[in-house]
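These notes concern the structure reproduced below.
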Amino acid sequence: MNVIVELEKPLLELEAKIEGLKKLNETQRVDFSAEIRALNEKAVSLEAEIFGNLTPWQRVHLARHPRRPLAMDYISKLDGFVELHGDRSYRDDPALVAGYAYLRGVPVFVLGQQKGRDTKENLYRSFGMAHPEGYRKAARIMRLAEKFGKPLLTFVDTPGAYPGIGAEERGQAEAIATNIKLMAGLRTPIVVNIVGEGGSGGALGIGVGDHIAMLQHAIYSVASPEAAASILWRDSTKAEEAAMRLRLTSEDLFEFGIVDEVVPEPMGGAHRDPAKVVDAVLAADARALDKLMSLKPEQLLDRRYEKYRKIGAHEEMVLDRAAR
Amino acid sequence: MNVIVELEKPLLELEAKIEGLKKLNETQRVDFSAEIRALNEKAVSLEAEIFGNLTPWQRVHLARHPRRPLAMDYISKLDGFVELHGDRSYRDDPALVAGYAYLRGVPVFVLGQQKGRDTKENLYRSFGMAHPEGYRKAARIMRLAEKFGKPLLTFVDTPGAYPGIGAEERGQAEAIATNIKLMAGLRTPIVVNIVGEGGSGGALGIGVGDHIAMLQHAIYSVASPEAAASILWRDSTKAEEAAMRLRLTSEDLFEFGIVDEVVPEPMGGAHRDPAKVVDAVLAADARALDKLMSLKPEQLLDRRYEKYRKIGAHEEMVLDRAAR
Amino acid sequence: MTPTPNWLRRRGAKPQPADDKLWEICPSCGERIYIKDLDAQQRVCPKCGHHFRLPALDRIALLADGDFDEIGENLVTGDPLQWSDRVPYREKTQGDRTKSGLLEAIVAGFCTVEQIPIGLGVMDFNFRGGTMGGVVGEKVTLLVEECARRRVPCVIVTSSGGARMEEGMIGLMQLAKTSGAVERFGALGLPLVTILTDPTTGGVSASFGFQGDVVIAESGAAIGFAGRRVIDQTIRQKLPEGFQTAEFLLEHGQVDMVVRRSDMKAALASVLRFLIAKGYGAVDVARPKSA
Amino acid sequence: MTPTPNWLRRRGAKPQPADDKLWEICPSCGERIYIKDLDAQQRVCPKCGHHFRLPALDRIALLADGDFDEIGENLVTGDPLQWSDRVPYREKTQGDRTKSGLLEAIVAGFCTVEQIPIGLGVMDFNFRGGTMGGVVGEKVTLLVEECARRRVPCVIVTSSGGARMEEGMIGLMQLAKTSGAVERFGALGLPLVTILTDPTTGGVSASFGFQGDVVIAESGAAIGFAGRRVIDQTIRQKLPEGFQTAEFLLEHGQVDMVVRRSDMKAALASVLRFLIAKGYGAVDVARPKSA
C-alpha cells in the first residue's frame, strides 16, 4: 500500500466535505460560506502538516503515487505528438514510448518510460520497466535525432530496467551501455526530465543529457530502496532505511550537481494539480532548449562532457606505505 | 541426390582401380605401368566427357557438391584466424562465421556463410542459411572493419537467407537491407568471393563489394532454381529449366559485369583438388586487395558506386501515346 | 477520390480490365462490392475496411496535392537474359502494360504532399507483381539521385514480390544499386520515408523498403522477406495468426507505424514536415555536384 | 605464475587473509585445494578447471609483460553521502583496504602485453565487491583519457557487482562519466577491449563493460545486468541452466569470445595486435589536446 495514499486520506475527506458544502451553498440558498472558509483553513493547515515535512521514504511513495502524472501525460501535451514504434529487430516495447512532437514550435524527438494506470496496463507496459528492445528503440530514435538535427526530450519514470530471463538473454546490459555512450556523444541537445521514479541504470538508459530537470518530488536513485536494502543488508524490508541513506530526493541531487533544475510541485505533490505540473515541466524544457540550441555542436559536447566529468567524490591520499 | 555425385561415380571407380594397381605395382614387384598408363588416359578422357560440357543444372549440383570446399576451408587457410561471435542482441548465428585474420600479412576482417559437412553440422549451421542475427553480427563486423581501417573479406555460400517464423519475426528483410546499404558506403575495401552457392538476397547480405571473385563452378542466382521455378511456374520440379534460364554461371555473370574475376577450378570441380582451389582464391583476393588498398577512400567509394550504378538493362522507348 | 488531376489526364485513360467485371468480392469479409464504389472509397472495403491493392496512379492521386512531374517515364526493359519460357519475357511485359496501363512496375516523379516538395516513387503490383528488374532499379536510383540534387525528401511506396526472375542476376543487383543511392542520399541528412503496401517481400523489402528513416506500413499489408510458400516448404509447420501482416510487424518492432489508407496522406505529411523542419545546427550537407 | 615483477614488489607484500586458511574448496567440484597450489595455477582448479576470482594485482602480473606504471594510485573515496549503516562507509573501505591490499576497487596504469603498449585497468572484487563509486569512475576516466593522449589501446578487466550503494547517485553517474570518456576515445579510432570476469553485473556491465570494441569473457564468469536475486524476486520462476554464465552469453550473441585464464594473455595480445595493425587508409585521428 502506498503510504502517501494513506496519509492523504483525511485531507481528501475534508476536501470532499468542502466540495459538498459548496454545492449545497449554491443549490440550497443557505449560506455556508463561513463554514467553508473555516474548513478551507483547516485543509491548508492539514495539508501543510501532512506534506510539510515528508521523510525520504514518504517521498519515494509520493513519487510512486498511483495518480501521479506519467510520461504520456507530459508527452501528450506537446504539439502534434506521433508515436514511432520498434527497434527494427525484435519487438516494440510498450514500456518505452518514442516519437516526435513540437515543444513551443521546436521539433523534438521524444522518449518516455511509461507505467500503467491499472493492472492490465501495467502488465502491458511492464510497470515502466523497459526490455533491451525498448532501449534499442530509444537508440534508433537518438540516431534519428542526430541525423535530422532535432533535440531529444526524455521523460524518466521507471523502477529500473526489466529484470528477467529474456531481458538478460537479449543483453539488457549491452543495450543500456550502448545508449549511455550514444547519448554522451550525440550531436544534438538532450533535455532529460526525471518526473517520477529514476531507477538506476534503467533510468540512465535514456537519462544522459545537457540539462537534467527533476520534479521536486520525483526520486532518482542508484538502486530502488528495496533493491539497495537487499544488496546492502540482504533484507528488502529495510527499504525505508535505504531510502533515507541514499540521498535520492531532488534537493540532494541538485546539491550534488547531478540535476540542473528542480521543478516545484504543488503542496501535496504533482497529482494534486497535474495540469499545472505538466505546464511547468514543459516550460522548463522550453527554456532549457532555447539556451542549448544557441550552442555550437562542439560547445554542446564539451559542456556535456565536463558536466559528467566533474561528478565524483575522490580525495588524494598522501601515499604512506604503512596505510596500504 | 546430387547429380554430379552420380555422374562422377565411374570416374571415381576408375581412379580407385588405378590407385589399387599403383599399390600393387609397388608392393608386388609386378609391372603394371602400361595398364596404369592406359587407365590414366581413359580417366582423363572420361573426366573430359563427364565434366567437359555440364548443363547449368549440373553446374548447380557441382556448386552443391557434398565435398566442395566450404567457407571455413578458405578462412582457416588465412593466417591467425580468430572467430568473433554474436550480434550483441539476440544470438550467435553459426551459419555466418565472423572474425579476423591476415591475408599475406594484410589484416582483414572476415565473414563467411558456412554449411555443414554432415546432417548434425548442417542442423547446427542451418545449412548455411543465416538468420537476421547472423546478418547483424556481420553488420557489427563491417562497422569494426571501417572503424579500424581493415579491409573486409567475405565468402558467400548459401542457398539463401533462412526462411522461417523466427527469422521473419526478427526482421530478415531489415537485416539484409541494412547490410547492403552499409556495404555500399563502407569506407574500407571489400573483396567478395562467391565460392559455392550464391543464393539471392541472402548472398548479397554479405556480397556487396569492390571486387567480386567467383569460382568457375560456383553459381550465383536471383533465386535458387527450385525457388525460381516455384515463383515462376508454381512448380519446383521445373528447377532444371529455371537453372538453364537464370544465367547463374560464372561465365554468364562475368559477361554481365556482375563478377569481376572468375577463378578457375580443376577439371571436375573444386572438390577434386581443394588445396589448390583454396590457394587460387586467396591469391586472387590478395591481388585484388593490393590494388584496392592503393585507392583513397573517396575513390574507392566512387568506384564502388559506379560499379553497381551501371548494372541494368533498360532501353528508352519513344513515347507514343497509343503504345500505353 | 478527388477529381482526376491534370497530370493523370495527360497520361490518358486508365486501362480497362480485360473482362468487364462490375464488382469484386472482398477477400476478407466476402462482401460483393461494385468496382466503381470500391474505387470511390480508395479501394477500401466499405464493410470491413480491407485494403485492396491500389494501382500506382491512384496512389499518386491519393498522395500528391496536384501536379506530378514524372521522370524516367519512357524506360522499358532491355530483356537482358533474352528470357523465354511459356511466353517470351517481352510478351509478358507487353501484357503487363495493357493490364496496368504502365510501362514498368514503378512510377517515379516529383510532386508536393501538403505543400511539401518531394520525390515520389510508387510501385504497381499489376506489372509483373511489382517485381524489380533493371528498370525499377534504374528509376528508383534516378529518383533518389534527383532528390539529392533537389534537396528534397524521397518517398517510396512499395508493392512487390521481390526481384524479377526474368532478369536474373540483373534483378538481384538492383538491390545493391538502389542501396548505393539511398546510402549517399542519407549521408546528406535528407529523409527517405517508405510506405510498405500489400505485398512487400523479397528483394524490395530487403533493400530500400526497410532502408527508410521512417517506415510506414499500410493496414493489413503482407510484408516480409521470404514468401509464405517457401517458409511452408522449409519448416512444414503452421504459421502463426496474422503472420507477416503489417500489424504483426509492428508488434515485432519492424515498422514505425501502421496507417490506414484514408489517413496515409496526413500521416506522411506529418512525418515529412517534422523531419525537414529547421532543427538544431546546420546539417553538414555537401553541395550538389550538378544542378 | 611468473616471478614477482618489480612493480609488484614495490607495492609491498600481498595482504594476508584474515584467517589463516591454508586451503579452499572448489565450489564447482568440491575439491580441497591448498591455496599456494591454487595461486601457482593462476587460481584455476586443477581438477575441474573452475576459475576462482583473481585479485587485481595477480591479474596484472598475468597480463603485463613486466613493469606497470600506475596512475591515480593515491585516489581514495571522499564519502560524499557521509554514509553510515551498521558500519560507517569509511570503516568499511578501511576493511576493504586490509582485505584487498588496495586503496580502491580498481588498479589502473600502463604496461605492455606481448610488447604492445596499452593502458590497463583491472577491477578487484575484494574491494566492496568491485563496486564503482567516484574513485573507480575517476580512475577509469583518467585511464581512458590518458590512453587517448598516448594513442594506445585501452584494456579493462571488470569484476564488479555494479554501482556502489554507499555513494548513491554519485556512483550511478560514473556510468555516464566513464561512457563519455569511452565515446571520445572511440572517435579517435583507438580500440577498447574489455575482459569480463566473475562477476560483472549492474552498472559496470551497463557501461564500459559492454562498450568494448571486442568483448572477451573469462570462462565460467557470471555476467549480466540484473542480479539473480532480483530476477528471482521479479519473475518467480526457475532460471535456465547456466543462466548468465560467459558461455550462455556467447550463445546469446553478447560476447565475442570466451577464453580460459591460461589463454587470456595470448588472446588479448592477438586482438590488440590485429586492431592496431596498419590497415587501410589513415584513420582520421585528431591530434591530442595536450601531451
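A few points about this structure:
A, B, C and D are the chain letters, set down in written order, and residue numbers restart from 1 in every chain.
Operating definition for what follows: a residue touches a chain if its C-beta (ideal position, glycine included) is under 8 Å from a C-beta of that chain, and two chains touch if they have at least 3 such contacts.
None of these values were measured; they are calculated from a predicted model.
Chains making contact with chain A as well as with chain B: C, D.
Work out the mean CA point of chain B and of chain D, and you get 42 Å between them. We define each chain's centre as the mean of its Cα atoms; on that basis chain A and chain D are separated by 32 Å.
Our note on geometry: chain C versus chain D, Cα centroid distance of 52 Å, whole angstroms.
Multi-chain contact residues of chain A (touching two or more other chains): 88-90, 169-171, 174. For chain C, the set of residues touching two or more other chains reads 186, 210, 252-254. Viewed as a contact network, the protein chains fit none of the simple shapes, being neither a path, a ring, a star nor fully connected.
Applying the touch definition to every pair of chains gives A-B, A-C, A-D, B-C, B-D. Interface residues of chain A, counted against chain B in their complex, comprise 88-90, 132, 136, 169-171, 174-175.
The part of chain B that touches chain C in the complex is made up of residues 161-165, 167-174, 176-178, 180-185, 200-201, 204-205, 207-208, 220-223, 227-228, 230-233, 236, 241-242, 245-248, 252-253, 256, 258, 304-305, 308-309, 311-319, 321, 323-324. Residues 80, 82-93, 100, 102, 106-107, 133, 137, 144, 147-151, 187-189, 293, 296-297 of chain A are the ones touching chain C in the complex.
Listed in rising order, the residues of chain C touching chain B in the complex are 11-12, 73-81, 83-86, 97, 101-103, 133-135, 137-138, 141, 161-165, 167-177, 179-184, 186-187, 201-203, 205-211, 223-227, 229-231, 233-235, 237, 239-240, 243-244, 248, 252-254. For chain C in complex with chain A, the residues that touch the partner chain are 186, 189, 191, 210, 213-214, 250-257, 267, 270-271, 274-275, 277-283.
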